[in-house]
Amino acid sequence: MSVTAKIRFERPDFVLDAELALPAQSISVVFGVSGSGKTTLLRSLAGLESHTDNRIEVGGSVWQDNKRTIPTHLRKVGFVFQESRLFPHLKVAGNVRYGMKRNGQDPSGKYFERITRILDITDLLDRFPESLSGGEQQRVAIARALAIKPELLLLDEPLASLDLASKQKILPFISRIRNELKIPVIYVTHSLDEVVRIADWLILLDSGRVVAAGPVNEILTNPDIPLMFRYDASSVLEATVQERDIEHHLDFLTGDGYSLWVQSSDQPIGSAIRLSIAARDVSVTLSHAQDTSILNILPAVVESLSPDGESRTLVVLRIGSQLILARITSRSATLLKLEPGLAVFAQIKGVAVIS
Amino acid sequence: MSVTAKIRFERPDFVLDAELALPAQSISVVFGVSGSGKTTLLRSLAGLESHTDNRIEVGGSVWQDNKRTIPTHLRKVGFVFQESRLFPHLKVAGNVRYGMKRNGQDPSGKYFERITRILDITDLLDRFPESLSGGEQQRVAIARALAIKPELLLLDEPLASLDLASKQKILPFISRIRNELKIPVIYVTHSLDEVVRIADWLILLDSGRVVAAGPVNEILTNPDIPLMFRYDASSVLEATVQERDIEHHLDFLTGDGYSLWVQSSDQPIGSAIRLSIAARDVSVTLSHAQDTSILNILPAVVESLSPDGESRTLVVLRIGSQLILARITSRSATLLKLEPGLAVFAQIKGVAVIS
Amino acid sequence: MSEADLGALFVTLRLAFATTIILLLIGTPLAWWLSRTRSRAKPVIEALVALPLILPPTVLGFYLLLLLSPARFPGSLIYDLTGYSLAFTFSGLVIGSVLYSMPFVIQPLQNAFSGVRQETLEVAATLGASPVDAFRSVVLPMVRSAYITAAILGFAHTVGEFGVVLMIGGSIPGETQVLSIAIYDHVESLEYAQAHTISGILFLVSFILLFLVYTGKRKSGMMRL
Amino acid sequence: MSEADLGALFVTLRLAFATTIILLLIGTPLAWWLSRTRSRAKPVIEALVALPLILPPTVLGFYLLLLLSPARFPGSLIYDLTGYSLAFTFSGLVIGSVLYSMPFVIQPLQNAFSGVRQETLEVAATLGASPVDAFRSVVLPMVRSAYITAAILGFAHTVGEFGVVLMIGGSIPGETQVLSIAIYDHVESLEYAQAHTISGILFLVSFILLFLVYTGKRKSGMMRL
Amino acid sequence: TAPVRVSAAGGQNELRQTASHQKAALRIAVASNFALTARALANDYESQSANRVVIISGSTGKHYAQIINGAPFDIFLAADTLRPALLEEEGFIDTGTRRTYAIGRLVLWSAKSGIVDEEGHILERLDQYRIAVANERLAPYGVAAREVISGAQHWNQMRDSLIRGENISQVYHFVASGGADAGFVALSSVINRGGDAPGAYWIIPQKLYTPIDQQAVILRSSLAAIDFMAYLGSEDAKAIISTSGYRVPQ
């Protein structure tokens, strides 16, 4: 189920004008400053903004065009709102089951158990929403949306008020859900860092306009994208698990023209996995350092350099056929005399590589 | 104004039992998983939970003991709630001015202008809250609480739904407010990373109990604190600005037995500043690397090693008289044969040092 | 209580139940529409709903009598079509009471409905609930307490109703004589003792009923909007 | 409209205004208390407030007459203290109307107050607003529309009130003769034309008034709870 | 006997009459002031006849409005002569059945002692008291009271301070409650309380006011209705009526 949409929506002070073509079975991250129209985009896809002039097609069926509009309740869209919006008159279990009953899910079957367990709300099932903490409410809202097995999953900053442990549990689950249901997921967040590891696609919004959209790595390594999106600049690689160091819980991966040690993913040997490397975790040396705690030191070629703020430089490095980003001080760039074409070594802190 | 408090509050499933002694004019960060009682702690300090058996003293005056309880509205406490809770019947300007009028602030004076400018809500002053985006609402709520010039500032995940640019603008402002008003600030967050640069004090909460509390660096470099708090382990240093590289916008700092290049803080030469170094940004080498983009390579001595998850090791390093943390793969620790007392070099990515 | 009074009690209860149920049934869509619409007709309808309050009940009853009378339109039309006159029948009483007690049911419902945020309905829609389903499964439980208020006001007002019923009912025992008129008759015929008895019973029964309803409301009233 | 009818109109308006204002004044704290308390007395008070609805107004009026009469307690006490009897006076009418219209004011207010979340009051407190200040500056503006409903119901019900006034008023021109009784008199004395005229005027004036109120409510009604 | 009335609502009345024929309960609309007496009459009548009687009490004005709008009453015992005459004019009654069945007697009653005596001295100082009367525009007793007050030269200064009831029952409540010092009520209301109405009353001489004739009519003719009207003129009925405080037509 892929998503193609052309959305236009006007408010007195604000115009959303976006065209999307998202691959099937993918996670697209929507990124943009406060007020740039992220929520409005999601609402339009769900059919919650009226008076829009949209064309929305999901998995081959037309949800909206100038002839007809399928109402929200027939769209099978899972929506986690920015605020949790739980039903105050239903207990936690009732909230989660509400959508299940209406979408042909067994409201007390295995799936219910799985979801409530992963979102760690099994102890809360009998409580009313008003007695939950902020993070607890948010987890219930996520469970409720996932529980309907939607055809399109829309998440509006779902993990903003959650602790890291929860995030680390829920994010991979969302990724798995996408694969199991083979659905597109659209995920709004301010923390690229947190999501880049599961994202396939990236949409950058600014003042209601799509500034850039495409596969994550293409966007992240494109030095032309506006500065404000690059605070957390990072890049994404594909690789295959080759062998395993069980004692140190590390995997040895190879990609197209490079190899890396990473924290073990526990995937079987031979499986393909994805890596995300934050630009800040990459340093550049002219010679191959010895005796360092940095496990991964790869030969690379400088592709381009661009200033990043007052004191820093963003360096695009080619490793094999892949591009990755390094963020270094401009002083270092000067000292090392970096310039396009120069052969260098990219030092990647092993611990920063995530599968 | 320092804060000493002894708080005990019981719910059917939950007991908060916390003792705090926070320094005056400080920012204390409260950290803990979802449901650990952070919000409840803040509410108790503000006098919003009744039937508590508390003793709260702020800046020498007793807010609550077993004899009397000063009601919330006389406590002069600025509270940013987890949800924004704006008054729906007042415009943005009205919301911000509401508390100013009641706390002797000029509701349209310089301070109002300054706050609305820094929170970037000047364009929204004439709008009703229901027409604001999530992040916009949150910024108004922050402005409203800061505007009263409180004697104690309580912030419950205030920046959770904000983009990085806003965060980078608001965080230093909170830090400045603390200095100007000389008040204690208590700040709940799930993102240590984001706040450690302004925090003076750290309180770790687990199931309603204070697991650890103390100056940031003491807590962060203590390898005994529970694992769950260490995902974002980092350390904090004090140093003095010595000279400036204007071309590269860098400052040269010296601390007790070490020196560093950092992104320029624009503070006058000679001023004292604080640095926070994330453990993930520190790598360890046995020899001093050459030709590297890493600007700061400091001689250090391994103090202790502790396992950190399955594949990683947290290394405490002594640099001069200061302790800092390095997170490396266990494989590297083995390869480099790290052990307490070993002389090594700490490579600190220049860009990761923040003032 | 005499047999006639018991008959009046029975008619009263039937009337109050019928009126309350009809009012809840027609009041629900009307109040919902009023709470959501941006139509210009809204204030007109709202004013019309509140109007019966303004006229003294006996006068309202007088005009209703003119309306329902088979002697002229529109009562004559109904009579020609159905062979049935509404004046001085139980059905006529129900019509009168429905009109007269309408605002007491519409207004609390409309207020409560206005308090249900659009956001809540949006969530229900994303979870697959059609508007009707969402109304039943989300709105209704959220405004339960307004329904109790509406039902109590409607019921009580019908029980205490008097002027309208007096006029269009004709107080025919067993058919249109309600308790309020029975008490009134006792008072008018200076049978104070009987009046005191029935009033006392009515008061006590009402008080207990109301007390039970309000206690129930309190117990289940944890969930707010 | 005859001079007598105009006099009655004037008395009616004075009565309705006085009653509405008094009801809003005493209804506000009572409804607020009812909406916040967890006291066991709550359902008792709620039932008592709703009770006047159940009794036919004339009967209620009859009992009020017994209460207010200077011949026995408690009317005698008032008479001894003030040298003033409340029966057949404007003040007596106001007392009767206040009692009788009480539920129509209390119930909408209470419902609206219950919809104001504790959270909102907490914010106001942290911003330095005392409970009274918060009530004035936050609660009142948030429940404006319930106040309009309460005022309309209370006012209209007093204008249309009849039975109670009939009993304790004594129809003294300029003092206790109200419009509803005037219309009733016209109907009773077969002066149908006059009855039609006054009713028509009353209807029209009420309709326009209600329409204006509801239009105003719509315009300023953007802010929801 | 077939119904003989011709009226706008005649046809419908016929229809309903046949429909309700089986019930055979006579519906008698009675002026409130006469309701108690009517009930006594009904009991007596039912003991002598197989017919059942249902008394529907109310104000005469209201009954009039209901009758012209099709109310299903068989007999109307009005409080005055005006409404029955109007109904006759408009063709709503069985012609020729209108006649006076009782003549009301006015008393001035006070529930307190020392205000009213049996000689009627109160009449001279009437303006010193709060006096309740029935509304003279609605009730024949009110008209009579006005004549009495006018005769004593008090009307002009008292007109606007009189406490007015819609009917004499209300006047009775006003006086009984002590809210009014005294009031003009029907003799029937004070003596029907078993003679133990508190205070004292003065039976006002007939010469001070126009007789209060109360008339009865048959609205829908039937054997039972005719039979009851006949009973109303019987000596048994007259005895009950006069012990209830009315005079009976000779």
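We just call them A, B, C, D and E in the order they show up, numbering each chain from 1.
In this text, a contact is a pair of C-beta atoms (placed from the backbone, for glycine too) under 8 Å apart; a residue touches a chain by one contact, two chains touch by 3 or more.
Bear in mind that the values here come from a model prediction, so they are computed numbers and not experimental data.
Peer 1: Give the chains in contact with both subunit A and subunit E, ordered by label.
Peer 2: C
Peer 1: Can you tell me which chain lies farthest from subunit B, using the average of the Cα atoms as each chain's centre?
Peer 2: E
Peer 1: Using CA atom averages as chain centres, what separation in Å is found between subunit A and subunit D?
Peer 2: 60
Peer 1: Using Cα averages as centroids, what's the distance between subunit C and subunit D in whole Å?
Peer 2: 19
Peer 1: Nearest whole angstrom, what separates the Cα centre of subunit C from the Cα centre of subunit E?
Peer 2: Their C-alpha centroids are separated by 34 Å.
Peer 1: Provide the list of subunit B residues touching at least two other chains, using ranges where the numbers run on.
Peer 2: 83 - these are the residues of subunit B that touch more than one other chain.
Peer 1: Multi-chain contacts in subunit C: which residues touch at least two other chains?
Peer 2: 58, 62, 187, 224-225
Peer 1: Where in subunit E do residues touch at least two different other chains?
Peer 2: 62, 65, 173
Peer 1: Could you list each pair of chains that touch one another?
Peer 2: Here the touching pairs of chains are A-B, A-C, B-D, C-D, C-E, D-E.
Peer 1: Which stretch or stretches of subunit B touch subunit A in the complex?
Peer 2: 32-35, 39, 82-83, 133-136, 139, 156-157, 160-166, 168, 190, 228, 231-232, 245, 247-250, 261, 263-264, 280-281, 283-287, 289-295, 310-312, 326-334, 336, 338, 347, 349-352
Peer 1: Provide the residue numbers of subunit D that touch subunit B in the complex, in ascending order.
Peer 2: Those residues of subunit D that touch subunit B are 119-120, 122-131, 133-134, 137-138, 141-142, 222-225.
Peer 1: Looking at the complex, which residues from subunit E come into contact with subunit C?
Peer 2: Answer in residue numbers: 8-9, 12, 15-16, 27, 32, 35-36, 39, 54, 56-58, 62, 65-66, 68-73, 167, 169, 172-173, 189, 192-193.
Peer 1: For subunit C, which residues are in contact with subunit D within the complex?
Peer 2: 42-44, 46-48, 50-60, 62-63, 103-104, 107-108, 111-112, 114-115, 117, 145-146, 149, 152-153, 156-157, 159-163, 179-181, 183-184, 187, 195, 199, 202-203, 206-207, 210-211, 214-215, 217-218, 224-225
Peer 1: Given the complex with subunit D, which residues does subunit B contribute to the contact?
Peer 2: Going through subunit B, the ones touching subunit D are 46-48, 71-79, 81, 83, 85, 87-90, 98-99, 102-103, 128, 130, 144-145, 148.
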